[in-house]
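In what comes next, chain A is part of two complexes: it sits with chain B in the first one and with chain C in the second one.
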Partner chain A sequence: MNKRYMLLAGIIIALGVGILFMPAKDTAKQTQPELLLAAIDDPSRFLSTDDITDRLVKKDPALMLIDVRYESQFKAFSIPGAINIPADSLLSASAQEILNQKEMDKVFYSNADVTSDQTWIICKRMGLQRIYVMQGGVNKWFNTIVKAEKPAETAPTEAMDLYQFRVAACQHFFGSPEMAAAPKVVEKQKVTVVKKTSGAASGGGC
Partner chain B sequence: MDELNKTNRLTIAVIGIVLVIIIGLVTLRRPDIKYSLTPAESLALLNDPASVITPVQATALMKDSSGKTVFIDVRNSIAFDRGHIKNAVNIQVRELFAKKSKATFLDLEKAGQTAVLYGETQQQANGPWLILRQTGFKNVLLFTGNYVQLDIANSDSLTRLLPQLSETPLIDTAALKAISAPAKTGKDAAQPVKSEKKKVTPVKKEASSGGGC
Partner chain C sequence: MIGPLIPMGVIPETWNNVIALLLGVGFGFALEASGFSSSRKIMGTFFGYDFVVLRVFFTAAITAMTGIFYFDYMGWMDMSMLYINPYYVMSAIIGGIIMGFGFALGGFCPGTSFTGIAIGKIDAMVFSGGLFIGVFIFSELYPLFQGLYNSGNMGAAKIYDLLGMRETVFAFLLIVAAVGMFYGAAFVEKKVKKVEY
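Moving on, here comes the complex of A and B:
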């Protein structure tokens, strides 16, 4: 009988030792390849430049715009409010700390949407949540927002509204040349307070 | 009697535990597809010029008939049927891990051939390429252009559509300066007037002036 007890104990101890020497698994958080492929096939990660602009203008506190281009390109031009995490330093501790903020919508952008999409795939594999890609990148953003093209006279109202939104957004970020001529217009609106004449004042009453 | 029962239970327990372990080991299956690159290695891959095929290289490869390179079309079957590169194989993005597709890639690997992935845009072939490389297929290259550029019938195809969709920065900072530079002076000039406008001079009502009820 004792032998059986020892056999049982032996099996359990052997299992315990086995678990002790198992390789450390840090892959538990990772997205499995099959699921990653499904995520890649799903276009819902793409956000349009107009949506992002709208959220920037409204100062959405949950929006975190991340520029994954090189630092030199970021310094030359970047979307107002964006932070710079070059794709090379994506795995650095400081970058990971930023990316792991669960309550933020992290939106990647690069010049087009190739580098940003690659960055997204690697982040998705590492199991990060709430990550997106700005479709078209900063090239599209610049060419639609800063250099917005006026639609034709015959264009539908929606196109006209969109154009006006883009122009207003651009003015919001960078100001506009028309404002140089503004003072004259503003002066016209100056309100002059006219004192009530005493004659009119005396005639008060119900 | 008591002693006998105890022994029996113990025997059953031993057999039970051994059975559970054996069943566990037998049914334990490692996942079919595993990552063979760490995130850091895949990140390094993005800047590796040997892993990509530029449009110029691709046109040369298409003329090459040695059969060392096989083009893989990751667009949907409708687009593929409408037109594709000669001898290209159609593997849609979501069918990348299907048995048939895996067999195709393994065959290519065995034959020492290189697979070049292309899509409607580079972005479309990007994901499949990265995921194949990460799961251990080393012979997969990415075409860094759009499908339109591979259309040899069009002599101008190499330069077509390229700037809009590639990672070349297209920002014309002169246009931005034109907007923002005068704006700053404009703001400064506008400021005093603005503040003047806001100034409110309250007019005290004279107590004597107003009658009342």
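Moving on, here comes the complex of A and C:
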């Protein structure tokens, strides 16, 4: 056997022994801080209350509206069609199963923006796709949809159209604004979870 | 180039094709310089008189692997940022069998056939022509193969995860196995009658 080969084989085996002593890596899958920062900077996660209402009225099957407030608040008042995952139970197995449905648009809302946005960041860090925040939360939704303000007579047509849409949406959900204002018990909706295997990564190769 | 330098923005995207061209030229030069433009080189692996293909592939694999481990350990690169091809079990097996037949019948792999063309080998030209015919047939009949082509996707599967092994242990065992194989190949080469080419 050639001496040079023996030497090279010795070197690579020595390096291999060195690899053996390398510390175990933390293999937890998490988003890189740089990417997370860029994602937080990007305002495209915010969806308007009117946009969400439109999709709710049209019964968009890909829309999953998630109320991240406490269960008591959810029961007192919630947007029709929403499901409840309190922010503190976000990491539970059942919540994870719901959130891991890749083909759904998961839209978080809370009273205002803070809790929903925090939930969004945690979910983003977990690598979830298609997650959004309803800007303004349930407060804005209530104030614009249920208590829609009639624009002035001189307002542009778009403003009138938007007002008509909001009134119609409110009637669609509650019948009348007065009925919506009265707190009522909303039954927790059951969610059937369809488990999907992880999809293919983007193509590429040699 | 797959990365991680370009996706991370260290090298601008526009340099992608330039780097690919330079790497390709270098790769072709190395293939030709080490005699891979002759179909007898690859056939040597099947007939047992020349195991240089096996040595090249395993040397490349263990060298790159060792490099990645040490670079990652030093903090020069992040192993988790590397792109890993998704693994399709069925298409990998069937495609492997077809490609193996192509190797054994033609005596070239796609890369070496192009180096063969570069130095004017007629058999390499015929081989490459066949390659394009194969690509054409596959593309035209893709709807037929689609189900098989996309079946058994395991994502970015890693063999040490499947074996439940620590990656460092697997790396060491692979190096030992490769060196053992080199030794075995040299042993066979000595036994088999030498072919001059």
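One rule holds in what follows: the second predicted complex is superposed on the first by the 147 of 206 C-alpha atoms of A that agree within 3 Å, B and C clash if a C-alpha of one lies under 4 Å from a C-alpha of the other, contacts with A are read in each partner's own complex, and residues count from 1 in each chain.
Heads up, the rule we're going with is that a contact is a pair of C-beta atoms (placed from the backbone, for glycine too) under 8 Å apart; a residue touches a chain by one contact, two chains touch by 3 or more.
Source: prediction; values computed, not measured.
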{"item": "First (chain B), second (chain C), both or neither touched by A:Y5", "value": "both"}
{"item": "Chain B versus chain C as contact partner of A:I122, first or second or both or neither", "value": "first"}
{"item": "Which of chain B and chain C A:D113 touches, first, second, both or neither", "value": "first"}
{"item": "Partner chain(s) touched by A:M22 [first = chain B, second = chain C, both, neither]", "value": "second"}
{"item": "First (chain B), second (chain C), both or neither touched by A:A155", "value": "neither"}
{"item": "Touching partner for A:I13 - first (chain B), second (chain C), both, neither", "value": "second"}
{"item": "Chain C versus chain B, contacts on chain A by residue", "value": "B"}
{"item": "Doubly contacted chain A residues - partners chain C and chain B", "value": "1, 5, 12, 15, 27, 32, 198, 201, 204-205"}
{"item": "For the chain A and chain C complex, residues of the former touching the latter", "value": "1, 5, 9, 12-13, 15-22, 24-25, 27, 32, 197-198, 200-201, 204-205"}
{"item": "Touching residues (chain side chain B, partner chain A) in the complex", "value": "6-7, 10-11, 13-14, 17-18, 21, 31, 33-35, 39-40, 42-43, 46-47, 93-94, 96-97, 122-123, 126-128, 130-131, 134-135, 144, 164-173, 175-176, 178-180, 182-187, 189-190, 193-194, 196-197, 201, 203, 206, 209-213"}
{"item": "Contacting residues of chain C [partner chain A, same complex]", "value": "2, 62-63, 66, 69-70, 72-73, 79-81, 83-86, 150, 153, 155-156, 166-169, 171-172, 175-176, 178-179, 182-183, 186"}
{"item": "Residues on chain A engaged by chain B in the complex (per definition of touch)", "value": "1, 4-5, 7-8, 11-12, 15, 27, 30, 32-34, 36-38, 40-41, 69, 73, 76-77, 87-88, 90-91, 110-115, 117-118, 121-122, 125-126, 137-140, 142-143, 146-147, 170, 174-183, 186-187, 189-191, 193, 195-196, 198, 201-206"}
